[in-house]
Amino acid sequence: MPVVHVYVWSGFSNEAKKRTIAGITKVFTDMGIPREAVEVIIQEVPKDSWGVAGEQASERLKETLPP
Amino acid sequence: MPVVHVYVWSGFSNEAKKRTIAGITKVFTDMGIPREAVEVIIQEVPKDSWGVAGEQASERLKETLPP
Amino acid sequence: MPVVHVYVWSGFSNEAKKRTIAGITKVFTDMGIPREAVEVIIQEVPKDSWGVAGEQASERLKETLPP
Amino acid sequence: MPVVHVYVWSGFSNEAKKRTIAGITKVFTDMGIPREAVEVIIQEVPKDSWGVAGEQASERLKETLPP
Amino acid sequence: MPVVHVYVWSGFSNEAKKRTIAGITKVFTDMGIPREAVEVIIQEVPKDSWGVAGEQASERLKETLPP
Amino acid sequence: MPVVHVYVWSGFSNEAKKRTIAGITKVFTDMGIPREAVEVIIQEVPKDSWGVAGEQASERLKETLPP
């Protein structure tokens, strides 16, 4: 423990994945939890499968790209 | 809030995604929740990765297709 | 299929649960999916366990209550 | 009920999916739960999206493959 | 890996939890995955928060109890 | 986006929740994502509902406490 599930838009870069995994793990090791106990699972979801305010993110947030 | 995760079989059409996002969001705005607060995340899962009654949906529900 | 997970703040009323379950199910039956195939799982999360913009919802959205 | 979500690395074989679905379902039917009530959803996650001990599994567990 | 999330109705007994954890873990160790790599997270959900066929399980499945 | 689900053992302190929410949010704002777009949902799971290596964490990791 902990287990962390991260949902982001498809297109999340390898660099962003590395930083997400390292950064979230550090949040918990800073609290004294052993590094080996932290599991982070990133799932990429296409923008047309992600709804915000009743619309697809692919429509509503056309210009916004994942890091 | 709320955050809604929807799991469906792969092949869910763009029209079905739109209706899912709009329809679920309306359920909550009808209760007075602001539209911007509703997030809907649809994940498509291949039928051979989906088990029903101990069998893959790709075997057990061969003829059934997602909308 | 589908399986739907709904995350809301603790204090969601029984009436709100009923409407959530009936409303989300209807979204899918309107697409031709049989009613029996829809499963909706609501999980209530205390506002101090829910973070928005880096803060606990119990701090940031003190006045807002779930329906 | 129950609904079971299984997260594994991408590359999980069809044979492994079958065994996962059949095996997990049996755990519950052995407790008296009807077979039809058990739903198992397997999601494959690329090893570079899976973090263990602060690193991508694609780096840390380079040699390990899913069954 | 794997990480397994199990959703059941509230009232799942300690014996049922033990069997769920041991049984699901065995499904994966039988495939050659090391025991230490399997994480099983059981979440109990009240029957009035669980919808089946558009109704609360507390209404529709009044007589059914978890093991 | 992103939406982050964090699963920890029951007993996670208010201070730990605050740090989890602030720390994870910062991981994403450091990548240029607006603070308001980050949602973090922490769920506490009793140790007897959490399985590691086939056993309940309440048995296997009796002495370990959440931060």
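Things to note:
Per-chain residue numbering starts at 1, and chain names A, B, C, D, E and F are given in the order in which the chains are listed.
Just so we're on the same page, a residue touches a chain if its C-beta (ideal position, glycine included) is under 8 Å from a C-beta of that chain, and two chains touch if they have at least 3 such contacts.
Just so it is clear, the structure is predicted and the values come from calculations on it, not from any experiment.
Because subunit C and subunit F carry the same sequence, their contact can be compared by residue number, and under half of the numbers here are used by both.
Averaged Cα coordinates give subunit C a centre that lies 26 Å from the centre of subunit D. Computed centre separation for the pair subunit D/subunit F is 21 angstrom, with centres defined by C-alpha atoms. Chain centres here are Cα averages; for subunit A and subunit F they lie 14 Å apart. Multi-chain contact residues, meaning those touching two or more other chains, occur in subunit B at positions 3, 7, 20, 24, 26, 39, 41, 43, 50. Applying the touch definition to every pair of chains gives A-B, A-D, A-E, A-F, B-C, B-D, B-F, C-D, C-E, C-F, D-E, E-F.
Contact residues of subunit C toward subunit B in the complex are 1-9, 16, 19-20, 23-24, 26-28, 30-33, 50, 57, 66-67.
Considering their complex, residues 14, 17-18, 20-22, 24-26, 29, 35-36, 38-44 of subunit E touch subunit F. Touching subunit F in their complex are the following residues of subunit B: 3, 39, 41.
Remark: subunit E residues 7, 43, 45, 48-56 touch subunit C in the complex.
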